[in-house]
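What follows is subunit A paired twice: with subunit B in the first complex and subunit C in the second.
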Partner chain A sequence: MATRTIKVDYLTRVEGEGALYVKIDGDRVEDLQLRIFEPPRYFEGLLRGRDFREAPDITARICGICPVAYQTSAVNALEAAAGVAPTPAIRALRRLMYCGEWIQSHALHVYMLHAPDFLGYPSGMALAKDAPDIVERGLALKKAGNALMAAVGGRAVHPINWCVGGFYRAPERHELDGLTDQLKRARDIAAQTVRWVSGFDFPELEQPYIFVALRDDARYPMEGGRIAASTGLDIPVADYPAHFVEHQVPYTTAKHAYLTETGQPYLVGPLARLALNVRKLTPGARHALAVSGLDLPCRNPYRSIIARAVEILFACEEALRLIADYAPPNPPAVPVPPRAATGHGASEAPRGLLYHRYRMDAEGIIQDADIVPPTSQNQAMIEADVRAFIAHNADLDDASLQWRCEQTIRNYDPCISCATHFLNLRLDRGTGTP
Partner chain B sequence: MSRTARPRLAVWKFASCDGCQLTILDLEDELLTLAGAVEIAVFHEASSDVGEGPFDVSLVEGSITTAKDAERIRAIRAQSATLITIGACATAGGIQALRNFAHLADFQAAVYASPAHIDSLATSTPIAEHVRVDLELQGCPIDKNQLREVLSALLIGRKPVVPGHSVCVECKRRGTACVMVAHGTPCLGPVTHAGCGAICPAYGRGCYGCFGPMESPNTAALSAQLAHLGESPDAIRRVYRTFNANAPAFRAESRKHGD
Partner chain C sequence: MIALGNPARGDDGFGPAVLDALRKTSPTAGDLHRAGDDALALLDLWADRPWVIAIDAADTGATPGTHRRLDVADGFLPAGPARVSSHGFGLAEAVELGRRLGRLPRRLIVHSAAGACFAAGAGLSPAVAAAVPSTAEAVRRDIAALETTAAAAAPDA
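Up next, the complex of A and B:
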C-alpha cells in the first residue's frame, strides 16, 4: 500500500491549541507527534518571588475549566510545606466544591465535546438542532455544577473563596440548602446519562495501560490522598518526583511524563480512578456502573465517556451527602505561618492527577515551583492510542481515519491550555505535501 | 450580506486559560437560543464546523505572545466587521504579561530544559496593541451577565451598557460593609472596574483587581491607604501585578513601588 498524506488544520472540541502529525506507510505508522503549539505562559517562572498565599489565585489561571483542581493542589502543597493540616470540616467543604467542578467539566465534555463524535455531529450545538432534549439535559447538569461552585466559591470560573488554610468565608447552611433540589435533579440526569452513553458504538481497541490515580482509604479520590498505580505502587505525594519523570520533547510546548523505574508511559483520569478505586463509589454510581456493562479495569479508551458519566453521578451523590452533613467550618481557615520548606500536593482534576511542588523561604516567598498537569502526563499515552488505532484501521479512508484520530485524542478530554497547549491534525501518508 | 441572514460569529483563542470562552458555554439558559440567533462560524473549542470569513462579530480571548499570533490577529481583524476582546488576557495581556517586567530567559529556564524549541516573544501584549478593537470586555474571567448584555446589544443593534465605575459601587448595591473601612482589609475595589458583582468583599476578602482598572482610577490615593494599613512596598507592588499587570494604570502604579 502506498504512503499517504492527510492534513487537518485544527483539532477542535478540546481546550487549547494543538496539532497531530502522522506519517503512515501501509498499515505502519512511521512517525506520530502530538504537537501542542499553544504558547507557553511560564507559570513556574512567574510564581517565583510571589507570596505563597497568592499561589491558589495565580495557578487557577492555568485553566478556566478546572481552576479548583489547581487551587486544591496548590493549597495541599503549601499547607504541607508549612506543616499544617486543615480540619476535617474544611476538607469536606473543599471536596464539596470539587464535586461542582467534576460535574460541570465532565458534563461539558460528555455532552458538548465528546458525544457528538459517537453520534456523527460536529458539535453539541448541531446535535441540539436534532435532539434539543438531550443537549438541554447536559446543560442542566453543567449548570448544577456551576451553581455549586458559585455557592461555595463565589463564581464558577476562577472561584475567589479558596485560601491556603481553608476558606475566606464558610457558606451558611441556608446558602447550600437551596442547591439540594437542583442536585437531586442533576443526579437523576446523571443516571440517565450513564444509560445513554453506554449504548454508544465503541471502536475496538485494548491498550496495556498502567493506571495512576490518587487513593484515599475511605473515599473515592478527589481533593487529596496517596498516589497509587496498577503496578502496585502506593506512595505519599511527596515521593512523586522519585517515581515519575517529565521530559521536554522538541515538537511540543508540553512536557511528557513517564514512570522513572521502567520508562513506561501511564494513564491518569477517569478510567484510572475507576480501575483503582471502584469500591469507593457511592451506591447509585456503583449500580449505574454495573448496569452500564463497563468491565473494570477498562482498557478501551473510547469507553472513558462511560467512566466520566459514572463520575458525574458519583459527584452529585457525594455533593448531596456533603450538603446534608454540612456544618460550616469554624474558623473557616486554619492559620498557616510560612517557613522555609518544600511542599508537595496533588488532587484529582477532572482529567486526572495534578501534582504541584513549591519551595518557599521563611517569609513565605516562593523560590521555585513545579506543576505537572494531567494532560501532559497523558500525552505519551494519547500518542500510543492513536498509533494503535491506526495500526488496526489503516484501511479506513482518509476522512474516516482523521475523524477517528481526533476522537481518539478527545477520549482524554485533553486540556491543552493546562499542558501548555493547540490541536491541528496532519496525517502524512508519504505521497502528498509534507 | 443579506439583511435576513443571521449574523456570523467567530470565537478566537490566543494565549489564555480558556475560561472566558467557557463563559460563553456557561450561558446555559441562553446558549441554544444564541446558537439559533447567530451563525457560529468559528468556535474551535465547541465545534468542528469551521467556516470561512468574513465575520460580523469576532470575540477574541487571549494575549499576543508569539510572532505567529501577531500575524494571526491581523488576519482576523481584516475579516471581522466588529472585534470584541473578552477578558484580561486579550484586554491587558493577562497574568502572562508578568514576563514584561522580567527577563523571558529566566522564566523559560524555570520551565523548560531546552527553551530554544519554544517560539515565544519577550512580552505578552493586549490585542489593542496590534489591531483596532471595537469593544473591550474586562475581567479574569469576564462576567456572564456583561457578556449576555454585549451579545444581546449586538443582536438588537444598540450600544452595550457596560458601566465603567468601580467595584465599590457594586458593594454598596449589594449591601456589603466596606472590608477596608470596617476590618482594615487591603482592597483594590476603589480602583477596579465593576462587573463581577463585588464577590470578594461579600466573602470577606479584599478585591484583588481581576477586572483591571476602572476609568480614571485614583491609584495613588489607594496605595497611600494600603501603606497606611501596613502593607510593604513589595506587597503593594504585587497587588497591582497580577492578572492586569500590564494595564497602563496598574503598570504605572506598580512601578512606583519598586522595580
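Up next, the complex of A and C:
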C-alpha cells in the first residue's frame, strides 16, 4: 500500500515556530513528530544566581500572551518556599488580573486563530473581510481583557506591578470601577460567543483523556489550588514532581510530560478544567454551558473552543464580582523574608497547568529552577490526537488532511514560545518528494 | 507618530531609535507613541486620528538601511514574517485588518528601513543606524506638511 508524507514547514495561527511531520502507510501512521525547533531559551538557567524577587519579572518575559500565569506560579512557589501566605485581598487582586489574561488570551484564540478553521477561512484576516462584525466582537473582548490587565498590572503585556508578597501598588477602587461597563459588555459578547461556537461543525474524535487541572474547594481554579486528575489523584502542588515526569525526545526542544506511575500522557487546559471543576463556574457561565450542549467530560478536542468560550464568560463574570467586592489590599504586599528552602507553585494559565519550582539559599539567591509550561505537558497528547484523527480519516486528500492536522494542533492553542517555540507539517505517504 | 519594534531584537529597534531622535531634536513634536508587542492594539491607537505616521523595520531583503516611504492609500504593505510579534501579527496585518474593519486613520504613512539582523541583543547594524537621522528628518517633513494641510482644511474660527 502506498505511503505518503505530509509536511507543514510553518504551522500558522499558533504562537511561536514549529513543524509537523507525518508519514502514513495506508491508514496507519508510521511516524509522527510534532517538532518544536526553536532553540531552548534557558530561562531556568538564567534564573540561577538571581535574587528571588526578580523571578516574577524574569519569567513573565517567557510569554507575551500569558505573563500573568508565569508571575503567579512564580510568586506562589517563592512564597511557599518562604513560608508566607498572601492575604485574601491580595489573592483576590491577583485573581482579578488573571481574569484579564484569560479573557484576552482566549478571545484572541477563539476569534482570530481557531474559529477560521471551523468556518473555512485560512486566517482571521480573511474572516474579517467577510464578517467584520464577528471579528469586532473578538477585538472588543480582547480589549476588555487588556484593559483589566493594564489597570491592575500597569500595562497589558508583561505587567510590572507584581511582586513576591503581593503588589507594588494596589489600584484605587475608582480605577477599577471604570472597567465595569466595559466588562458588562464583554460578558454579553462572551455569552454570544458561546452560542456562536456551539453551532460549529465538529469533526468526530473521542480520545481517552486523563484530565489534569488545579482544584480549589471554593472557586473555579485560576491563581492556585491543589492538583487533581480524572484518575482520582488529588495532591498538593509540592507533590507534582512525584507524580509527573518530563521526558526529552530528540526531535523537539520542548519536553514531553507523562504520569510517572503509568507513563501515560495527559491533558491540561480548558477541557480538563471544566471536567474537574464544572460546579465552580459562575451562574451565567454554567447556564451558557448547559445551553451549548457540551457534555462533560468532553473527550472531543475540537469542542475545546466551546470550553474556551465558556471560560471567557466565566472570567468576565468573575472579574465583575471581584471588582464589586474590591477593597484595596493594605498593605499591598506582605513581607517575604528569604530562607533556605524549596518552593512549588502552580496556576492555571489559559492553556493549562503551569508549574514552577525554585530552590533558594538563606539570602534569597535562586540555586535552581524548574518550569513546566502547559504546552509541554500537552505535547504528547497533541501527537496522540493527530495520530488518532489520521487513523480515522486517511482517505482524505493531502490538502484536507493537512488542514485537519493543523486544526487538531490548534485545538490546544499551543504556545511554542513557552514550550519553547513551535510549527511546520510534513505529511509523508511515500508517493512523492518529502 | 507610532514607532514599532523591539530594541532588544537588533534592527527591529529602528522605529524606537527614530522616535528617540525625534524627541531629542523636536521635543515639541507632540503625539509620539511607542507601540508595544500587541499589533492589534494599533487599531485602537490610531482610531479616529486624522493622520498617523508609523515607523518600523522591514525584513524585505533589500540593502540594509534602505529607507522606504509608503502612503497606505497608494498600496498595500508587503506582509512578511513578523518574527517577533505574537501569532505573526505585525504592522502589515494590522493595516489590512484595519482596512477590512474600516478602522484606519484617514491618512497613514509608513516609513521603514530594511534591516540586516534581528537577533536578540544585537543592537542596530551600522547601515540601519545610519538611516535613523535621515528618516527622522523625513518624518519631520511629513509632520509639517500634514499639519499645514490639516490647518488649511480646518474651518475658519
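The criterion applied here is as follows: the second predicted complex is superposed on the first by the 432 of 434 C-alpha atoms of A that agree within 3 Å, B and C clash if a C-alpha of one lies under 4 Å from a C-alpha of the other, contacts with A are read in each partner's own complex, and residues count from 1 in each chain.
As a convention for this text, a contact is a pair of C-beta atoms (placed from the backbone, for glycine too) under 8 Å apart; a residue touches a chain by one contact, two chains touch by 3 or more.
Predicted model, so just to flag it, every value in this text is computed and none were measured.
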item	value
Fit-or-clash call for subunit B and subunit C when the two complexes are aligned on subunit A	clash
Subunit B versus subunit C as contact partner of A:112, first or second or both or neither	both
Touched partner set for A:156, first subunit B, second subunit C, both or neither	both
Touched partner set for A:387, first subunit B, second subunit C, both or neither	neither
Winner by number of subunit A residues touched, once subunit B and subunit C are compared	B
Partner chain(s) touched by A:287 [first = subunit B, second = subunit C, both, neither]	neither
Touching partner for A:50 - first (subunit B), second (subunit C), both, neither	first
Partner chain in contact with A:248 - subunit B first, subunit C second, else both or neither	first
First, second, both or neither for A:185, with subunit B first and subunit C second	neither
Subunit B/subunit C common contact set on subunit A	12-15, 64-65, 108, 112-113, 124-125, 128, 132, 135-136, 139, 142-143, 146, 155-158, 417
Footprint of subunit B on subunit A - complex, ascending	10, 12-17, 38-46, 48, 50-51, 54, 57-58, 61-65, 67, 108, 112-113, 116, 122-126, 128, 132, 135-136, 139-140, 142-143, 146, 154-158, 160-161, 163, 167-169, 247-248, 250-251, 253, 255, 368-369, 406, 415, 417
Contact set on subunit B toward subunit A in their complex	13-23, 25-26, 28-29, 31-32, 35, 40, 43-50, 65-66, 69, 94-96, 98-99, 102, 104, 106-114, 117-120, 124, 140-141, 196, 199-200, 202-205, 208, 210, 235, 238, 242-243
Footprint of subunit A on subunit C - complex, ascending	36-38, 40-41, 43-44, 86-88, 93, 96-97, 100-102
Parts of subunit A lying in touch with subunit C, wherever the complex brings them together	12-15, 64-65, 108, 112-113, 124-125, 128-129, 132, 135-136, 139, 142-143, 146, 155-158, 417
